[in-house]
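By letter and in written order, the chains are A, B, C, D, E and F; residue numbering begins at 1 in each of them.
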Amino acid sequence: MSGIVVRNIERAPQDVIDGLAHCGVATVHEAQGRTGLLAPHMRPIYAGARIAGSAVTISAPPGDNWMIHVAIEQLAPGDILVLAPTSPCTDGYFGDLLATSAMARGCRGLIIDAGVRDVRDLTQMGFPVWSKAVHAQGTVKATLGSVNVPIICANALIAPGDVVIADDDGVCVVPRADAAAVLEKAQAREANEESKRVRMANGELGLDIYDMRGKLAAMGLKYV
Amino acid sequence: MSGIVVRNIERAPQDVIDGLAHCGVATVHEAQGRTGLLAPHMRPIYAGARIAGSAVTISAPPGDNWMIHVAIEQLAPGDILVLAPTSPCTDGYFGDLLATSAMARGCRGLIIDAGVRDVRDLTQMGFPVWSKAVHAQGTVKATLGSVNVPIICANALIAPGDVVIADDDGVCVVPRADAAAVLEKAQAREANEESKRVRMANGELGLDIYDMRGKLAAMGLKYV
Amino acid sequence: MSGIVVRNIERAPQDVIDGLAHCGVATVHEAQGRTGLLAPHMRPIYAGARIAGSAVTISAPPGDNWMIHVAIEQLAPGDILVLAPTSPCTDGYFGDLLATSAMARGCRGLIIDAGVRDVRDLTQMGFPVWSKAVHAQGTVKATLGSVNVPIICANALIAPGDVVIADDDGVCVVPRADAAAVLEKAQAREANEESKRVRMANGELGLDIYDMRGKLAAMGLKYV
Amino acid sequence: MSGIVVRNIERAPQDVIDGLAHCGVATVHEAQGRTGLLAPHMRPIYAGARIAGSAVTISAPPGDNWMIHVAIEQLAPGDILVLAPTSPCTDGYFGDLLATSAMARGCRGLIIDAGVRDVRDLTQMGFPVWSKAVHAQGTVKATLGSVNVPIICANALIAPGDVVIADDDGVCVVPRADAAAVLEKAQAREANEESKRVRMANGELGLDIYDMRGKLAAMGLKYV
Amino acid sequence: MSGIVVRNIERAPQDVIDGLAHCGVATVHEAQGRTGLLAPHMRPIYAGARIAGSAVTISAPPGDNWMIHVAIEQLAPGDILVLAPTSPCTDGYFGDLLATSAMARGCRGLIIDAGVRDVRDLTQMGFPVWSKAVHAQGTVKATLGSVNVPIICANALIAPGDVVIADDDGVCVVPRADAAAVLEKAQAREANEESKRVRMANGELGLDIYDMRGKLAAMGLKYV
Amino acid sequence: MSGIVVRNIERAPQDVIDGLAHCGVATVHEAQGRTGLLAPHMRPIYAGARIAGSAVTISAPPGDNWMIHVAIEQLAPGDILVLAPTSPCTDGYFGDLLATSAMARGCRGLIIDAGVRDVRDLTQMGFPVWSKAVHAQGTVKATLGSVNVPIICANALIAPGDVVIADDDGVCVVPRADAAAVLEKAQAREANEESKRVRMANGELGLDIYDMRGKLAAMGLKYV
C-alpha cells in the first residue's frame, strides 16, 4: 500500500477555505454535525494561530521523515501538510529547514500525529504546527511511505484535498466536497451566536434564551 | 442523587477570599497543612492568572453541559464555577458564549475536570480556566446533574461556598469555615519567606538558615 | 548508595559550554550521533529560554527535597541543577526561594524529572526550569539522597560535570570529555544547514539538494 | 492534619457487607445512583476476586509506608485497608510481609491508589489488591500520616467504616449509613436483571423488553 | 450525520472469515501490508481468545449506550459488535445482560474504544471483549447515534461488514472486499513461517536464513 | 555511536545468577540499596515467570528490529535479551519466530522497552517477555543499531553481562561485578524476612517487631 505519490489532487475554492479559517475549529466542528475533530492530544506549538488549507497528506514510517521531502514538492500555495505515522511515534520529523522549504512553496502549516523540533525557530518564522509531541529526536530516510493517499490522523480520516482547520482548540477536517455547505452553516451559526452573545453580555440567562426551564422541570430538576 | 439545585450557599468574606488569591496556590496549600490541592493535570489555558472565589459546584454527566446554564443563574459576583463530570471526560463543556454569560454575573473563572473550548476567545476576554483538556468537542443537553452539592473534582473534595484558589501552579480548595484561619497562616508564611528570600539573595545557604548541617551529619551524609 | 556529596567535580571550558547553548538542543543532539536526549515529557515552564551549563546532579527520594539545599552549596557560576527522583514523582521539589538561592550562586536553571512550583515567580525571575510536571505539592526533608553522583534522569545518564543543554525542544546531555568535539561538529552542522536554508528559501527542494530522486525511484516510489 | 489515629470506628453489619460483596461492583454502583466508583486506573493484581469489607483508611506521604503498620493494629476481621497517598505515587508500599500481618488480623484485601509489590506471593496467598501500579520500589518510614480519617482515594471520598466493594470491574464505596438501603436496592436490581437475562437469552431484544422503539422513532432514528 | 441505522450490510464469506481468525492478528496485519491495526490501547478482558467476524458498527455518544440495543437487532450469526464513541470515553457501555442478548443472536465478541463492565461474568460466559478500559461506570439512553455506518475506532477506519480479527495481540480490520485476497496471502505467509520456524528451532540463525550478513557489512556493521 | 557488535562479554557465575532469580525482584532491589529497578511500565506478558540471566543488550532504532537477529547470534545459554529503542516506540519488534531462534540458543527471556507480538504463542512456548506494550505492529530492517553496548532501558542503565532479574513485580538490573555481593545480601534479607513472616502470621504486629511505638510517639502520633 505504500510507495505511492498522487500528484494531482482537487482542492476546495480558496475563499471557502479562508472562510472556514475565519470561523475556527469549534464552530466548523458544530456546523458539520460534530464530526471531523482530531484527538485532543494534538496541540499547537504556540498560541494564537488560526489557519485552514487543503491537506497534502503523508503516511510515514515511524522515525522516518523521507516522505516529507517528497510531499513538499506536491504543495500548492495555501496547502497544509498532514502527517500520520504508521505506528505511534513522538520523533521530531520536522524542523526549521523543512519549514523554510514548505513556506517557500506557500504552505500554511503542519499537522503531525508525532513530534516536531526547532519549535523556537518555527515560532519566530510564524510557521504553526499542531503535534502530539515536541521532541528533538531526529529521524532517518530509509523506508518509503506515501503522499496524498487517505490517512487516519489522530483518530480522524483525512483525504488529500480535504480542508483542514486548526486553531488553539485543536484541529478539524472537512471533506472537500462538503466544504462550501459547511461554511454556509458555520457562518449562519456565527451570526446566531453573535445575537446570543449580546443578550448574554446584558445579563440574560441561557435558561431563558434557550427556553430551558420547562424542560428541566419536566425532567425533575428540583431547586432547594 | 442528581437533579438538585441548592440556591442559597454561604460564602467566606470577600476580603478573606481576596487575601487568599494574593497568597497564591503554593502558599495556601502549605498554610493549610498541605491539603486541598487538585491533581496536577489541571492546567490553566493561559499563563499569569491568579484568582480566588467561592465555589459554585456542578456535578455533570459526561458530555452534557446542561447544568452549566443552571449554575450560572446561581452565581454571585466573585464566584468561581467548579465542574466535575460523573465519569472521566475531555469534552469541551464550556466556550465563549457561556463565559460571556458567566462574566455578566461577576464570575471570576472556571475550574473543570474535563475539557474547554474557544480558548483563544477566552484568553482575549480575560476569563481564566483551569482544565484537564482543551477540546473543541461539543456536548449535549439531555440529562440532569446537580448544582451546589459537594463534588470530588480532580481528586479533591469541594463543597459549595468553599474558597477555590487558582494560579499557574494549579488549583487549591480551602473549606469555607477554615478560610480566615488559613489566610492568617498564609500571610505569616509569606512574611517569614520574605525574610528568607532576602538572606538567600545575599548568598546565605538554606543549610545555614534552616540549621540543617548537624541533622544531615547525624543522618550520615558524607562529603567526599 | 545514598548519602554522598562529591565536592569537587570537573567542568568543561566555559566557552565550549556557551557554544553548545548557542547551537541548541536539536543541533547538539544530531552532532553527537543522536544520543543524549532526555525523554520528551521534560517541558520548559516558559517558552524561549536556551541555556547550557555543567550538571550538578541530585539523586533524591520521592517527595523529599532536602538534597537540593545540599546541592546549592556545590554550585559554581554557570552550573545547572539536575534532579532525578529515585522513583516516579510529580511533587513540587523547587520554588522561588530555592531559585533565589541558586541564582545567588550563579545557577542557570533546573532540570527535574519531577515537579516544580511557584512557576509564575520563576518566570518573572527569569529562572528557567524543565520538568515533568508543575505541581504545588510540597515536599519533606527526612531522608538522605546524594549530590554529584551519576544519575539516570528522564531516561538519560548524566554524570556530574556533564554539559546539559536545554531549550524549547527539550534537554540534551553531552559527556564532559566529549564537549569540545561535539561543539565542533555542531558548529559545522550549523554552517552546513545555513547554506541549505538559503537554497530552500529560494525554492530549491530537498529532493534535489540531497539528491534523493534516484534512490527513491530505486526503492520503488511511484508517482501517479 | 496528619499524625492522627482514630481507634474506634463504626462498621456496617457483617451480613449487609457480605450481601454487597455478592452483588458486585457494577450492581452496587447502579443501586446507589451511579455514585461511589473509584477511578478506572484501580486494577486488581489477579482476576476473579470479589470482596467487600469495612474501610480502615490510611493517608500516607508519598513513598512512606509507616502508617500501614499503624493501621494493621486497627483492623478487625472483615476489614479492608484503603490507602491514599498525599500526592501521586507508584511506589510499592505493600508486600507479602504486610499481607501476612493483615491476614492474621482477618483483613480481606487492600485498595491502594499507589503501587504494590510481591504480587506473585500475594496471588498465592489469596490476598487481593486493587492498585494503580505494580512496582517493586521500596518505601521509607520517616514521616507521619493518619489512620481512620476521611480520605480521597482515586477520586472517591472514603470515610473509615464505609463499605468498600471490589471485583474485576474495579472498586466502589458505599457510605456506612447507606449500606443496608443500598443492599436492598442492589438485590432488587439483581432480581429484576435475572428475569431480563432469561428473556434475552431466549432471543428477545432490549428494544422490546424496555419498550424503546417508540421513543427512538420520536427522536428521529431512521432505518435505511 | 447521526440517527441512521443501515439494515442490510454485505458480509465476507464465512470460510474466509474463519480462515482469517485462524491466522491471527499479527499474520493478517502483515499479509495486508501492515495496515488495519487498531491502536495498542485496545486490550482483551481475558487472555486466549482469537476471533474474527463481520463488523456491525456503532457510533455512540459518550456515556450513552442506547445504540447498542439498536445494533443487536442487526446482528447475524458470526458478527462482531464494534463501537466507537464520538468523543473519548471510558464508561462501561456493555455488560453481561447485553452480552446475553448478543450471544443469543450469534455474536462472537465486542470491540469497543471505551469501557466495559461485568468482566467476570463475560469471562465465565466466554464472550470476549477488546476495550480501552474496564469501568463499572453506567451509561444513559438519551441521545441518538448510528448503526452500520463507517466509523473510526481506535485510529482505524471500519466499515460495516469489514472483517475484524482480534486476539491477544490486539485487533485488526480487513476491508470486506479484500478479505479473500488477504487470507490467501496470510496463509502463504504462515506456510513460509512454518519452514523458518523449523530451521530456527534447529539453531539456524535469521542472519543466515534471510541472508543478512552481506547487507549488514555493507551498511557498516562492525564486530569488535 | 551505532553499528557496533561486541562479541565477547563477561558474565556473572551461573549459580549467582540463579540465586538472584530465586530471590526475586523486590528482594534483590532492596538488597542493593533500592537501585537498579526499571520503570513500572515494564509488565510481563503472562503471570508467574521469574527469571534471571546475563544481559545481551540491543540499542535499536524505532520500528526496526534488524539488530535482534544480530544479537541472537551473541547469545549464550542462560542469557536474556534486553532491548532499548533509541526513541520511544511501541512497535512489536519480537514474535514467535525470533523466540524460537532465541530459545534454540538457550535464551531465558526478553526485556524490551517497546512492543512485542504473538503473545499467545510466546505464552504457550513458555518464553517470558517484559515489555512496554503488546502491539502487532511490524518493524523494518533498514537501519543499524548496536549489540552489547551499555544502554538506558526504561530509565535504568544496563551494561552487557549485567544480571537482569524479572518477575511479576517488574525488572531489576544488578551490575555484573556486584552480583555475588548482592546475592549474599538478598539471601540474608530473605532469611530475616522468613522469621518475621512467622511472627506476623502468629499475630505479632510490625509496630512491635520493629519497635516503632516509641519513635511514632516521639514524632507526635496521636491515638484518639
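One rule holds for everything that comes next: contacts are C-beta pairs under 8 Å (C-beta built on N, C-alpha and C of every residue); 3 or more make two chains touch, one makes a residue touch a chain.
Predicted, not measured: the structure shown is a model, and the values here were computed from it.
Although chain B and chain D share one sequence, what matters here is the overlap of their interface residues, and that overlap exceeds half of the numbers used. Put simply, the C-alpha centre of chain C and that of chain F have 28 angstrom between them.
Once the centre of each chain is set as its mean CA position, chain A and chain B turn out to be 31 Å apart. In terms of their C-alpha centroids, the spacing between chain A and chain F amounts to 42 Å.
Chain contacts: chain E has residues 34, 37, 40, 86-88, 90, 135, 137 touching two or more partner chains. Every pair of chains that touch is listed here: A-B, A-C, A-E, A-F, B-C, B-D, B-E, C-D, C-F, D-E, D-F, E-F. Listing the residues of chain C that touch chain D in their complex gives 61-64, 86-91, 135, 137, 140, 142-143. Interface residues of chain C, counted against chain B in their complex, comprise 3-7, 46, 66, 69-70, 72-73, 90, 92, 95-98, 100-101, 103-105, 115, 117-120, 123, 133-138, 141, 144.
Residues 1-2, 32-35, 37, 39-40, 86-88, 152, 154-157 of chain F are the ones touching chain C in the complex.
The part of chain A that touches chain B in the complex is made up of residues 24-26, 29-30, 34, 37, 40, 43, 47-48, 50, 167-170, 172, 193, 196-197, 200-207, 210, 212, 216, 219-224.
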